[in-house]
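Two complexes, one shared chain (chain A), two partners (chain B, chain C).
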Partner chain A sequence: MIRYVGKRLLWMIPVMLGIAILIFSIMYICPGDPAQSLLGPSATAVELAAKREELGLNDPYIVRLGRYLYQTFIRFDLGTSYKFGTSVFSGLMERMQYTLVIALFCMALQVFVGTPLGIVAATHHNGVADRISMFLALVGVSIPAFWLALMLVLIFSVNLGWLPTSGVANGIASFILPCVANSFAGIAAQARHTRSSMLEVIRSDYIITAKAKGLSQRTVLFKHALPNALIPIITIVGNGMGMMLGGTVIIENVFAIPGVGRYMTDAITARDYPVVMGGVLVLGLIFSLIMLLVDIIYAFVDPRIKAQYEGRKGKK
Partner chain B sequence: MSSAVKENHVGVRNRRQGQFGQVMHRLSKNKVAMVGLVIMILLILMAVFSPWITPYDYAKTSKADRYAGPSAAHPFGCDGMGRDILSRIMYGARASLWLGLMSTLVATVIGVVIGSLVGYYGGKVDNIVMRILDIIQAIPGMLLSIAISAALGSGIGNTILALSIGGIPMTVRLLRGSILTVRKQEYIEAAEKINCSRFRVIMSHILPNSIAPVIVSVTMGIGNTILQAASLSYIGLGVQPPTPEWGAMLSEGKAMITKYPHLCIFPGLAIMVVVLCLNMLGDGLRDAMDPKLKN
Partner chain C sequence: MVHKNMFFERKVSRMKKFLSIVLTLIMVLSVASLAAADQGSEVTVGIAGDPGNIGPFQGMGLGRIGILFTTYEMLMVKDGDSYVGCLAKNVTPVDDLTYDVEIYDYIKDQEGNPLTASDIKFCYDTAQASGNLPKLAVVDSVEVLSDYVCRFTFSALSAGQLEELLMECPIVTQAAYEASADQMATDPVSTSAFHVTSYQTGSTIVYENTGKYWQTDDALVPTTSKHNVDKITFKIIPDTVQMVNALKTKEIDISAAIDSAYIKDFMDVDGYSVTQIPDNVTKYLIFNNNVFGDINLRKAIAYGIDTEDIALFAYDGVALLAKDIGNSKYPDYVAAWDEEEYYEYDADKAQEYLTAAGVSNPTYRLMYNVSDQNTAIVSTIQSDLMDFGINIELIPYDNALFGNYKYSENSEWDLMLDEGGSSGLLTNVWKLTLDRRDQVHGKTVGYVVDDQLQSLLEAAMADNSPENMDAFHQYLKEQCYEIGLVAAVNNLAHTTIVKAAKTCFRGQILPGACEY
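Let's look at the complex of A and B:
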């Protein structure tokens, strides 16, 4: 197990290198001149040229790429923001709290609301509860998160005045609408997958046996059915995390939350390349770590997978 | 299609129709999916014929109607320049549907080509390609689309490219996985042994038997891509005003949402209806293609 985790962690190094090269290349072909957007339209040609030289924008692709990789992976420095002149890493860390709070809270909503909904739907298969929750889930995966956010603001902030429209000044209250809007699709997807995974398990022979020996509905459900339906459910949780990290970028823009997503979209408009590249790298790293975590959780849920990791030593 | 397929499926009432016919037959019995399909066809017709059927010119401004609320003359009201929102939504269906369909199509075609090659040949190339896809997939999809869209600039063509690149790895993975299970079957070996060309083996023996999961994911993917396209336009990348695209219309309207909510309500509803229909259709198609999954 430890060897497996170690291997996966080592494998992450080439993946991060790959992400760095990919995102650097994307930014390299980006039109627009960082010097121009830094100095404004009034800058003279000489000033622009000097600024470009200072930022090292005149060097050929391969030199700049090499310098970026050296700086990132040998000196662990994500560079300095063109716009703010501050370290990208500390800029990201300052804002990371907001993004992580939203993403984790959304994850929690997805797991603790979506999964029970799916279980209820599966146990009341074709009943009213099933029909209603599956219709809601279908709407949920079809609704654009940013539009849902706007509508929630319209209802709860503008008309009812219960919650703030934007910003983070009001503590927890400021995070309610962003989290609900951002997690709605996740909850819906979670419910749909949990339902189909549970339905598949519920019809297996061992569930019929368990019922036949007179176990209570509750025991059958939580001791026999749920553990066997967990693998696809966990997969969806992992995928959901990627969606949440991407989704917060949009939601932070809707609610003007000063998180990593907003930092990055502002940086894209300002052609502040180090910030964009740093942000993608850090979010990619977080995402990869979560995917690794998901794989490790698999092993705890399913002894067969654990046995695979442990190789010849076999069963636990 | 090859006869092996029919025997693989459970509960098939086989009256000498092809696999396609069977799937369509099962699909036609699914009411929800049919509702989705009918509305989708109507929406596509609306998008195609929009220049002739919109009540007003989508670009015509009118000072008197600025921010006019919904009324009999303008059922969805007018935007900040007095343009009829209903007409803009009808015309905007072109951009939004086109974006969703084309991005998914591009991603699928590239994904299927790569997927069938690496799935069939395996070996070193497979290893390298899959590792590259690992890298692409390690970046959250939305983030990748935002970055590529920023690099390529706005416009429909560039947005299609930005959206499709993120979709390629999933198609490749799905198809590769399903090819790996088909690859070792006897009928593939038989086809190879009677000297079918590799191209023919892939095209007429392997692909028809392994493409089902891809088709389902494509139907679901179109809806998702439309959502992503709208999100991109909303944050100011992707398609930009004054092009009537639903996400771009939302982006224009958001500043005035507290005063004139109808600017935002209707384009969003349009997106939701389209995606909802596609998902209904996709669910039905999934059940029709794999009756085992249907409960």
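Let's look at the complex of A and C:
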């Protein structure tokens, strides 16, 4: 198992290199002049040229790419923001706490609300509970997060005055509306996937056998059905975490949360290349680690997969 | 009976004494509270942008202009319509390009470091080296003459430019700057009355009045340096609707970033006041001379656009119709222009010029920097010109891309909706798009090469007398290379905590100067 994890970690090096080269190339061909964004409309051609030279933007693609890869992978330095003049790494770390808080809370909501909804729907297949659950799931998938966010603000902040409209100054209260708005689609997706996965399992022979043995519905459901339906659910949770990290961009902008998403969107607008590239790289790393974690959890949930991992070791 | 009366009288007398003491106390407290009425304890200001780095030598941006005067002081500042000394006590000309600047000899920063002429030199040198303040490129040198006097030498100066340059660079002491671990990015030490006590990037910046502001003579404190409040919190809210919601729930007390569409939510509403101040930014239309070489075609477009429609649809009717590509906020704007005719909508004239140009059903690309207001403006233009058979293809770009194509050598556009403003003079606004010397291709932004236009512009920049200003204005109007459309109004809404709102020349709130 350790060998497998080590191997996966080693595989992440070329993955990160690939991400770095890809995002660098995208930013390279992306039109827009960072010098113009920095100096504004009053800058003359000479001043702009001097700024471009200072930022190293006049160098050929290969030189700039080499410099970027050396700086990132040899010196472990994500560079300095053009716009803010501060370290990209510290900027990302400063903002990561908010993004992670939102993503983790959303994830928790997705798992602890979406999964039971899906189980209820599956166990009451074609019944009233199933239809209500699936209707809610359909609504959840269909509503855009930004619209839901504004509606929640109107109801709970402007009209009822229970929660703050934006910012992070009010502690946990500041995160309630953003998390609810951001997780709504995730809850819906989780419910639908759990339902279909559970439906597949509860029609299996071994579940019918368990029922025939006279086991209680609860035991059949939680001891026999759910563990076998978990693999696709875990996959959805892992992918969902990545989507949550990316999806916070909209929510962070609406709720004025100073997270990584807002840092990156501001950077894209200002053509602040180091921030965009650093942000993508760090999010890519986090996503890769989550995927690794998902694979490890597979092994603990499904003994067949664990045997596969260990079997590889035995073969070698 | 006598005893009873005496006892009663004593009681009444005690009661009177007690009442008189209570009344006296109430009077004293009332007077004290009245005396303190102008001094607010705390105010929260909503701003749309995050400065990201509060260091003194950063480039100007949406977030930075909102906090600039609360954070830093400069040698001079613009107070109302005139420039006044802030740190500078005297500015003495030596010759046309050399000036001696004397600063007050008792200035101290928030850490108690005395500010001297060498700090001024340090700040200008560092700001120039950063390359973030391009206006300072004309400062040739800053030389220290004595502890409190330094000599500025410039490579070139146009009318009014000296004051702008002395207002461009925030001043800090070298000792404090070098002691800072992050070049004051998060914890600046300046000469301002307010010190940053907390900065949560992208969320809030909190300032507290240090209570030891260096300038003790109130008459010498400019509006930008006033300190009528103990604590200022800037809350960063980029979303327009959320800014409105924050003001409605009173999470913020004041904002200058309320969209025209929402300002009515606060007008004549209990607990709120609205102040509308003309902005220094004017929207204008630039013709690409490669396409619009024929003056008749330019004039056809100019007369075919109804600026009143634009004001109505893009600004809910709250905008000033432009009579130039700048507006009356500038001291060198000639008031008489407001009374003269300036391409007011005239369908007959538009048709007449179009016929003279000999084009039928043309299609032009209109490039603009995408925003809600700009989209409303270009849609109105598109709709107006459709009546004359002129098709307008809208080309929206984000800020960076718009900047790129605006100055590119290859024309990517036929018409361009642009905007311009300046902290100083109207000539600076003209210069942005019409001074050929600043462009790589040696033409104006609209690809015009007109020697008379250039010489009139240079004359106005050298001496912004009403005659020179009018000469350029009339020529530009006649040639119709660019036409002014509308000048927006800054919508400033606040709760009743703020009794009178004050803004700087850029329309940004000066929370320290507001009355509470």
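Following the convention adopted for this analysis, the second predicted complex is superposed on the first by the 311 of 316 C-alpha atoms of A that agree within 3 Å, B and C clash if a C-alpha of one lies under 4 Å from a C-alpha of the other, contacts with A are read in each partner's own complex, and residues count from 1 in each chain.
Here, contacts are C-beta pairs under 8 Å (C-beta built on N, C-alpha and C of every residue); 3 or more make two chains touch, one makes a residue touch a chain.
Given the structure is predicted, the values throughout are model-derived calculations rather than measurements.
In the superposition on chain A, A:Val280 makes contact with chain B only, not with chain C.
Using the contact criterion defined above for the overlaid structures, shared-chain residue A:Ala270 touches chain C, although it does not reach chain B. Looking at the shared chain after the overlay, A:Ile2 reaches neither chain B nor chain C. By the touch criterion stated above, A:Val158 is placed in contact with chain B and with chain C alike. When both complexes are overlaid on chain A, the residue A:Pro31 reaches chain B and chain C alike. In the superposition on chain A, contact of A:Asn253 is made with both chain B and chain C. Contact with both chain B and chain C is seen for A:Leu150 once the two complexes are overlaid on the shared chain.
Of the two partner chains placed around the shared chain by superposition, chain C is the only one that A:Leu39 touches, whereas chain B remains out of contact. Once the two complexes are laid over each other on the shared chain, residue contacts for A:Ile172 go to neither chain B nor chain C.
Chain A residues in contact with chain B (one complex) as well as with chain C (other complex) are 31, 150, 153-154, 158, 165, 253-254, 269.
Residues 50, 52-53, 55, 58-61, 131-132, 134-135, 137, 182-183, 185, 200-204, 235-239, 241-242, 245-246, 248-249, 251, 398-401, 403-404, 406-407, 420, 428, 432, 438-440 of chain C are the ones touching chain A in the complex.
Chain contact summary for the complex, chain B toward chain A: residues 131-132, 134-136, 138-143, 146-148, 150-153, 223, 227, 230-231, 234-237, 247, 250, 254, 257-258, 261, 264-265, 268, 271-272, 275-276, 278-280, 283, 293, 295.
Residues of chain A that touch chain B in their complex: 14-15, 18-19, 22-23, 26-27, 29-31, 125, 138-139, 141-147, 150-151, 153-154, 158, 165, 196, 199-200, 203, 242-243, 245-247, 249-250, 253-254, 264-265, 268-269, 276, 280, 283-284, 287-288, 291. Considering their complex, residues 31-34, 36-47, 50-51, 54, 81, 83-86, 91, 94-95, 150, 153-154, 157-158, 161, 164-169, 253-259, 262-263, 266, 269-271 of chain A touch chain C.
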